[in-house]
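Below, subunit A partners subunit B and then partners subunit C, in two separate complexes.
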Partner chain A sequence: MHWHDKLRQVFRDALDLGADAEVDGLAYRAVPAWDSVGHMRLVAALESEFDVMLDTDEVIDLSCFDKACEILSRHLDG
Partner chain B sequence: MTDWLRRPDFSQSQAARERWLAPELAALTRHHLTHCPEYGRWVRAMFGPAGDWPRLEDLPWLPVGVFKTHSPISVPETDIVAAVTSSGTGGQPSRVRLDRATADAQVRALAGIMARLTGGARLPLLILDSEAVLAQGSAYSARAAGILGMMRLGRDAVFALDGEMALRTEAVTAFLRRWGEGPMLVFGFTYMVWAHALPALVAAGLRLSAAALLVHGGGWKALADQAVDNATFKRRLAEEIGVRRVHSYYGMAEQVGGICLEGEDGFLHPPPFVDILIRDPLTLAPLPPGRPGLIQIMSLLPRSYPGHSLLTEDMGMIETIDTGVWGGKAFSVLGRLKQAELRGCSDTFAARGPA
Partner chain C sequence: MILGLTAPGRDGGLALSEPSSGRALTYGALAAAVAERAAELAGDKQLAMVAASCGMDAVVCWLAAMQAGHAVMLLPPDLAAARLSTLIELYRPDLLLGWPEQSGYGPGPAGFARRFQPDGGLLHPDLCLLLSTSGSAGSPRMVRLSRRAVEANAGAIAVALALGGEDRVATTLPLSYSYGLSLLHSHLAAGAAVVLSDLSVLSRPFWDLAASCRLTSLAGVPFLWQSLRRLDLAALAPPSLRFGTQAGGRLDPRLTLHFHDIFARRGGGMITMYGQTEATARMTVLSPDQLPARAGSVGRAIPGGAIAIDGGAVVYQGANVMMGYACDRADLALADQMNGVLPTGDLGHVDEDGYLWLEGRAGRVVKVVGLRLDLDEVQARAAMLGPTAALVRGDDLIMLIAGAVPMAETRAAFAADLGVPAAAIRWRSVTAIPLGGNGKVDVAAAEALL
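Now for the complex of A and B:
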């Protein structure tokens, strides 16, 4: 499975979005589940699933699915 | 987002701060005048026609109590994504409303300020409160907003208390075992730390890492009748649970993110995008260092609501200016102004204020 698909699954699980939910256009605060609390759940899930540790700026910058891909690709390539 | 939020330079002198901050705050005042008709009416009624406001003390301000009865905004209603309410210790709670940009700026501001103490590392976070505080949808209490802000900066957060404010002994023990004597961030509201977490940790025989950093805010109001001062608070934390780095902060629901941290000198320090003035409670004239008066707080963060220059009901005093490693003003909070003393200034506002 490509890591983008794994990331989509992390989003669906962490934000309780349902198995087939569209994730790619998703943005922080655009859906009720992705509120401040959901955000911390998402960060925790992403970190444990990919075994990475984001820095504070990255936690704050992670404001949409595309941004999550960008941040994660830095960690996975590095 | 701009660098002044990401990496605030606390060492800047007062003169350097004001040179930059005064025109920025004047521009922000014009933003609110343009976009918030209520604010425009209040400011014209209290301060006359718009000026240039070259100095900080020239800027118009609102009494903080305005947000108890009104919830003015300077952005379209449809842009509002969240609200923060105060705990309302003085009766009716305050409420301010945030758009995405303001909410984001608050989170970034807190991260930048806290980096002064943490070095920017995401430390394991022990929250001396209950997770139940967060279950409130998009209308957060200032307490929840503080916790959520800290959760962004920390990692592997554990709530130390349950909904009944009893210690979650297993979770806390596991946290302490996992992180041992390493650095950790411990956060809570002053009252919760003192009245619930500290006695519960002592009773359970738990001590925190000697490298722990404890940050607390919310004020001493609820503790006043227990005669707890900052020195007692720190001594007991050190003696009883082994925490030696303890920093309070001065913040409020109307100024989430723009907190003033207690430095190693025991005084509070505004970040460069925040400043304070002390005003005489009767004449409202600005007071020099060493004279107690009402705290006026000014901040570049509030864009979605006109809370960028507020006269609080807190008494405080400027202790020093530019004499420590922090730069700018160092101040103390002396307590809440008594209702009777306050009457004069809220009457002024009621008579000449909201149209």
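Now for the complex of A and C:
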């Protein structure tokens, strides 16, 4: 499985969305589930599922799904 | 005028700014705008239901309604439509602000919508403000607050926090929540500035705003401070930001000291507070100069207030105590039922110097992500899903359910009904919910299943 698919699943699990929920266009606070509580759960899930540590800038820049891809690609591909 | 907006020496000082629109009001301009709208709203006392958005126009409107002697019920702007309808049915407000197109209402004064057929139900002359005890308005029960209580608490907080004209705070908590509203009121009472913003503290735009507006303090419930623990706050926070304030539940004293160290290096500190909506907002404040020695205490009673311990339970006395609760319009005619005395339902003790140390709740009322929930009520609401037991672990609400965990849509609807983020509820399937001899959930046995 490409890590983008795994990332989509991490988003669905952390934000308690449905199994088939569309997450690619998701943005922080654009849906009720991605509020500040969901945000910190998402950060924790990204860190544990991908075995990475997000720094302060990455946590506050994690504003949408695309940004999460960008941040993770730095850790995984870089 | 309300909150002393026209107090001498304030005229040219900044009162409100709204970075999203670039608008700002000095105290002189704010007082003039409030007076103008209050004149449009003059007349017999009415009930105004207001969407408490972090916007300048909304704030001016509800201050004007209070100034004109009306009673204002502040509600979350994102309140679910069904819940809003219930509240309108129960309280039959004469004026609405922020919810256009409600049936039975048409254009009214000062930007409010007016009820076509006014209820005419009596409103007690002292009634000024109605707030929900759950930050999310999950229950239709409201706290009735007098103008005297609102003014007394705003003034006392301003004194306890030594707020002055140089202070600037952003609305980092909803204004329909007593803690969030107390930020606005206490800063206005002190001649300080309030930055109206709904940006998340966990997002970069907030920190850009904190720097450009030169915020001097940051307010948050324990969840926010727990979240900030994993960030480098010393690097994020602009040099102007010297104080943190915390209320809305217990914060681990180690975290209080962690943030106190960061702020103390800037000549400020961490301020711990304790309050309830039933006391308008605040009851005690722990001054940063008591740290680290008294880390874990919630401090001393605010000026004009007093704390007593009755059989282990905390009782607060002060001018900021509510008039009582309300469950519908008829209750709004009631006079003060409390006489300035509030049994808080919290347990604690007071040390020899008058500092209060809390030791938990007397009942099953808990805080989940800063929102107050009665676990027995949560279980009652979940009854339609099957036998459940509601428990709390850390900041999560745990729902034990006999049988399968409900579908995501059902879980989302249940969370919305409680007014709690779905992600803050963890569901666990168990074979059976342990019951005690009285037929009620055996909490200890249920806890043992976790």
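The criterion applied here is as follows: the second predicted complex is superposed on the first by the 78 of 78 C-alpha atoms of A that agree within 3 Å, B and C clash if a C-alpha of one lies under 4 Å from a C-alpha of the other, contacts with A are read in each partner's own complex, and residues count from 1 in each chain.
Everything that follows uses one rule, which is that contacts are C-beta pairs under 8 Å (C-beta built on N, C-alpha and C of every residue); 3 or more make two chains touch, one makes a residue touch a chain.
Just so we're clear, the structure is a prediction, and the values are computed from it rather than from any experiment.
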*Which partner, subunit B or subunit C, is in contact with more residues of subunit A?*
C
_Touched partner set for A:D16, first subunit B, second subunit C, both or neither_ = second
_By the touch definition at the top of the document, which applies to A:R29: first (subunit B), second (subunit C), both, or neither?_
both
*Please work out whether A:I60 is in contact with subunit B alone, subunit C alone, both, or neither, and reply first, second, both or neither.*
both
*Pick one for A:L76: touches subunit B only (first), subunit C only (second), both, or neither.*
neither
*Starting from the residues of subunit A touching subunit B, keep only those that also touch subunit C in the other complex, and list them.*
29, 35-37, 39-40, 55-57, 59-60, 63
*asked:* Help me check something: in the complex, which residues belonging to subunit B touch subunit A?
replied: 6, 81-82, 100, 103-104, 107-108, 111, 115, 120, 122, 134, 137-138, 140, 148, 151-153, 155-157
*Within the complex, which stretch of subunit A touches subunit C?*
14-19, 28-29, 32-33, 35-41, 43, 55-57, 59-61, 63
_Touch list for subunit C against partner subunit A, complex_ = 200-204, 206-207, 223-224, 227, 230-232, 235-236, 369, 395, 408-409, 411-412, 416, 421-424
*Sort out for me which residues of subunit A touch subunit B in the complex.*
29, 35-37, 39-40, 44, 47, 53-57, 59-60, 63
